[in-house]
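Please find the structures below.
Each of the next two complexes has chain A plus one other chain: chain B in the first, chain C in the second.
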Partner chain A sequence: MDLLEVKDLRVSFSDPRDPGARAPIVKDVSFRIAPGEVFGLVGESGSGKSVTALAAMGLLDPRTAEVSGSVRLQGEELLHGHGDDLRRVRGDRMSMVFQEPMTALDPVFTIGSQLTETLRAHRRVSAQEARRRAVEMLDAVGIVDPERRFGAYPHELSGGMRQRVVIALALICGPELLIADEPTTAVDATVQLQLLRLVRSACTAAGTAVLFITHDLGVVSRLCDRMATMYAGEIVETGPVDQVLNAPGHPYTASLLGALPRPDRRGHRLMSIPGRVPVPGTEPPGCWFADRCAFAVAACADAHPPLAPAGGELHSRCLRTGELGDALRTLAHGRLDESESTAPDVERAPAAHAHTIGTHADGEERP
Partner chain B sequence: MSESIITARDVRVEFRAGRNRSVTAVDGVDIDVPARTAVGLIGESGSGKSTLVRALLALVPVSSGSVEWEGRDISRLRGADLVRFRTTAQMVFQDPHSALDPRRRILTSIVEPLRVLRIGTRAEREARAEEMLTQVGLRMDQAMRFPHQLSGGQKQRACIARALIVEPRVLICDESVAALDVALQAEILNLLGDLREELNLALVFISHDLSVVAHISDHLHVMHLGKTVETGPTEQVTRSPQQEYTEKLLASQLTVGGPDQPLLGAGTTDPGRTRS
Partner chain C sequence: MKVTSLIATRLLSTVPTVLLATVVVFLLIRLIPGDPANAIAGEYATPERLAEIRSQLGLDLSLPMQYLTWLGGVLTGDLGVSFMTGQGVAGLILERLPVTLALTTMGLLVAVIVGLPTGILSASRAGGRLDRFLTTGATLGLAIPNFWLGMVLILVFSVVLGWLPGPGGPLFSDDPVGALRAALLPAVALGLVGGAEICRQVRSAMVEDLSSDHVRTHRAKGLPWRRILWLHSLKNSSLPFLTIVGLQISRLLSAAVVVETVFGLSGLGTLIVTSTNQREYLIVQGVVLVMALLVIFTNLLVDILYRVIDPRIR
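Right, the complex of A and B next:
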């Protein structure tokens, strides 16, 4: 059975200036995570990936957020549960790590007291036993001299160490699922590598599954087993990381890969994506990416494509995914000059030429 | 290599930290900024790269060593000479939103350097601003808006226009794409590449992201704890690093790679798992 099953998740927020408008931010998002699996949720800022995670954790304020659909942990529905039930699950069976460790830790308590508090909120253990487990956990996340650090306050630690403490807090109850929302964005590359190794090894050792939210495809490629790409609040592509990143089935994922600076692209132009993500509530009837897509044809504007099988375990929300195969691969992993010469057979929409940059590259501005 | 516009030798920058302590942010760095060349500075936070470029612009005083421009020490420049130096080198910062005055129209912010440096008449300034807008790919109606009405990429274009309006020979970009999403990052990198060609600019490009800095730079300086640990042509530094620290930095870059890239943690927990 799946550990986490998110089905038709829909989130909208009420706008105090416009009480009638409730355009959904997350739209019919469905995915499953198996026990022990590391699942990457990828998207640009505003794509809805963090809201998806917060909704799954039950952390959205019910006064402003309207959440529908289903989130099940081991078959148990979390979305419409009672506050107390949710509190028992959170921090115990599922826990979360955020981007900023300083705001996740309480500045006036020692890290030791925060660790033991979490443990004793969920487990009947003595103070000494809690302390022993906390020190053990600090050691496990690579804090040197954990006995001494137990009494340290967050401000006495470096950013990388603080994030280790936050990870220790999240893992101390041995959760079945860890949700990590851009946990390494605020740290240096060498520290990032250590933290990701830590997440991977700690979770593998304890059998903890991970929902890892990031905008960084490099991180996903090295950390995750399966992934989903989000665009404008919905999943446009999902599958095993190898398959999605090597041979993407959706032009948006391919474009993101084509935009990455890489050694073989040095001195060449990078792929840019013209236009803008549609504002929630103004999505066109057809494919939401069509007006920015290098491969859009007339049919793309007609009906909103479903997330359909696209070979192997890959699913893509693109009408042309079957016929585009090689063209998408070239877009993702070639250089612009190469892709122009090797993909001449692909029909391009003249209004949305992928390689343009300049006056209209930023597209429409905000209303 | 072409002649150097700004030349720094053995630059040291110290900051006072409390009564009897000081922090050495930059510790004896040599750097040249040759005309029409892109120089990349890579290093982790606290390595001194931002302080170094501020010293190159005389925005922070150097404690010892020298920064020279046209054979003169920039710390001694006054009056008209200082204005001329300010028009030689300009800077684009990381966060375009906080770099623009929220209460002013984009156009006002773009014209401001000319106003502050008392260059041209009002009409000349506006004409120049229009040219700059075209150059960075913004329209006049967008420039008449306020920062919150533009996207991150558009705001960063405005910041680049503001830096270029005084016709500098050197553009310093301090993490100028770090706050942008991948697609916008690609757009700004493409724009900087174009501008460099069209305007014969020298670039000093700071980033903590090696793939970004290597993409645009001809020459790399790897900084660590205030010192340059390695310097050389980009290809050479990235392909055959000579220093242990550079190797470590290269190894920590997570790129979407070929089939040989193992999963993190593979080898420690499950040796059988590698990318197929």
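Right, the complex of A and C next:
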């Protein structure tokens, strides 16, 4: 059975100035995550990735957000249950790490008390036992001198250390699923790789599945098993990471890949995708990416394409996915006439970047 | 900074403030027309008699000399004596101080008991019906003058309903329960406006805090909402709360002047009113000095509490 099953998730927000208007931000999003799997959700800012995650966690404000569809954790429906049932799941079986470590922790409580209260909100443990587990957890996420740091306040820690504490908060109850919403975007480049390794190793060790939200395809290629690309609030492509990144089935994913800066293209102009994401509520009747797409034909404007099988486990929301195969690979990875396979090419682009980071990042960072 | 050195520097820095306050009061009271010698000697006193009284009271000295003489007395603990009765000013103030302290303390309690929970509830349901009801109530509460509220309270609860005693109650030392009952209406009259202000400030601070990232983290951790609200968000919003409480204390002290008069309580407020009317310079100066010290002391206390609550200020 799937660990997490998101089905036809729709989220719309009411506009306080115009209560009638409720343009959906997330549109019929469906995906599944298997136990222990690392699933990447990729897209530009505003594509609906974070809202999808917050909706799944039940963290959207019911006064402004309208959520429909279904989110099931091991078959148990989370969206339409009693509020307190969802609270019990949050932080225990399913937890979340946020983008901004500087503000994610409560400034007037020690990090130790924030850890122990999480544990004691879900487990019947004594104060001493909670303290012991919290110190253990701080140690596990790489906090030096965890006994002493237990009594530290968030402002006494660096951004990278705080994000480690947030990760410790998310993992202290041993969740089945961790949702990581761009957890490395706001920290120094030197710390990013350490945090990614930490998330990966901690989750692998505990068998925790991860929903990893990012706009960084390099991170996806290193971390994730399967992925989905979101565009304008819907999933346009999904499949195993190596398949999607090597031979994308949707022009949008291919364009994102083509826009990555690469060492072998030094001196060339960086590729960019022309145009803008349609404003919610103004999507055209046909394909929403058509007016930015290099491969659009007349038929693309007629009907909104479904997420259809595109070979192997790949699914793509593109009418021409079957005929475009090589063209998309060229767009994503440059010319195909090189004898070298494109597969390591993808890996190399972000990895080359990562290696330079890695050499600086091996030591433990300090505040 | 350590708390002890904070207290020391704070106390030192209050010296100029206190001196300034005494100078201003010293000059203001002398701007009021009327001569204490006239009040003492009566309407038909000869000019010689008046001059004699003035020289006895030290009123023939220059203003700076009068001020310095008084200040010298204050530093040695002598606030002077009443022109009219010869009673020591310090004794008079000590006699009246408990009434005013009890009244302002109870007023502050009423303000906090009314303002804090309503502010928290209002923030918790921001935009909802209860929030709209409470914020409307708070706005009304702010608009009501406390002397008028005092009169209405007397009319309703002691004249019409007869539940509580009217103006003038027993002394605390004679009948504690009776004295507290008598202080209830004035405390409510005094505290309700402060409660409205506290409610508004707490609400706005908590509405902001409840939309913050760390509250989202607490929710993601699965903490019960009441724990987030009453522990985390409240502590995070306690700096604005403390600030407003500190301001309320000085406001309560000045409002006590009016409320004591309405309820016929003999505290510092009524003392300063009658003393001003009788040109009892020394009593007025003494009372103002004590009130200034009280305000400065509470501000210092608020500053120390800031540090206790928010680790980032330490």
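Going forward, the second predicted complex is superposed on the first by the 334 of 367 C-alpha atoms of A that agree within 3 Å, B and C clash if a C-alpha of one lies under 4 Å from a C-alpha of the other, contacts with A are read in each partner's own complex, and residues count from 1 in each chain.
In this text, a residue touches a chain if its C-beta (ideal position, glycine included) is under 8 Å from a C-beta of that chain, and two chains touch if they have at least 3 such contacts.
Bear in mind the structure is a predicted one, so any value in this text is a computation, not a measurement.
After superposition onto chain A, the modelled positions of chain B and chain C are compatible, with room for both.
Of the two partner chains, chain B is the only one touched by A:222; chain C is not.
Residue contacts after overlaying the shared chain place A:259 against chain B, while chain C stays out of touching range. Touch criterion met: A:88 reaches chain C, while chain B stays clear of it.
Once chain A of one complex is fitted onto chain A of the other, the partner contacts of A:96 are limited to chain C, with no touch recorded for chain B. Here chain B and chain C are compared by how many residues of chain A each touches, and B touches more.
No C-alpha atom of chain B lies closer than 13 Å to one of chain C in the superposed arrangement. Taken together, the chain B residues at the contact with chain A in this complex read 44-45, 134, 137-139, 142, 145, 149-151, 153-154, 157, 181-183, 185-187, 189-191, 193-194, 208-212, 214-216, 234, 238, 248-249, 251-257, 261-265, 268-270, 275-276. Residue ranges of chain A in contact with chain C, taken from their complex: 57, 59, 63, 84, 87-92, 95-96, 98, 100, 103-109, 114, 117-118, 121-122, 153, 155, 166, 169-170. Remark: chain C residues 127, 212-214, 216-225, 227, 232, 235-236, 309-312 touch chain A in the complex. Against chain B, the residues of chain A that register as touching in their complex are 44-45, 188-190, 192-193, 196-197, 200-201, 204-205, 215-219, 221-223, 242, 245, 255-257, 259-263, 265-266, 269-273, 276, 357-362, 365-366.
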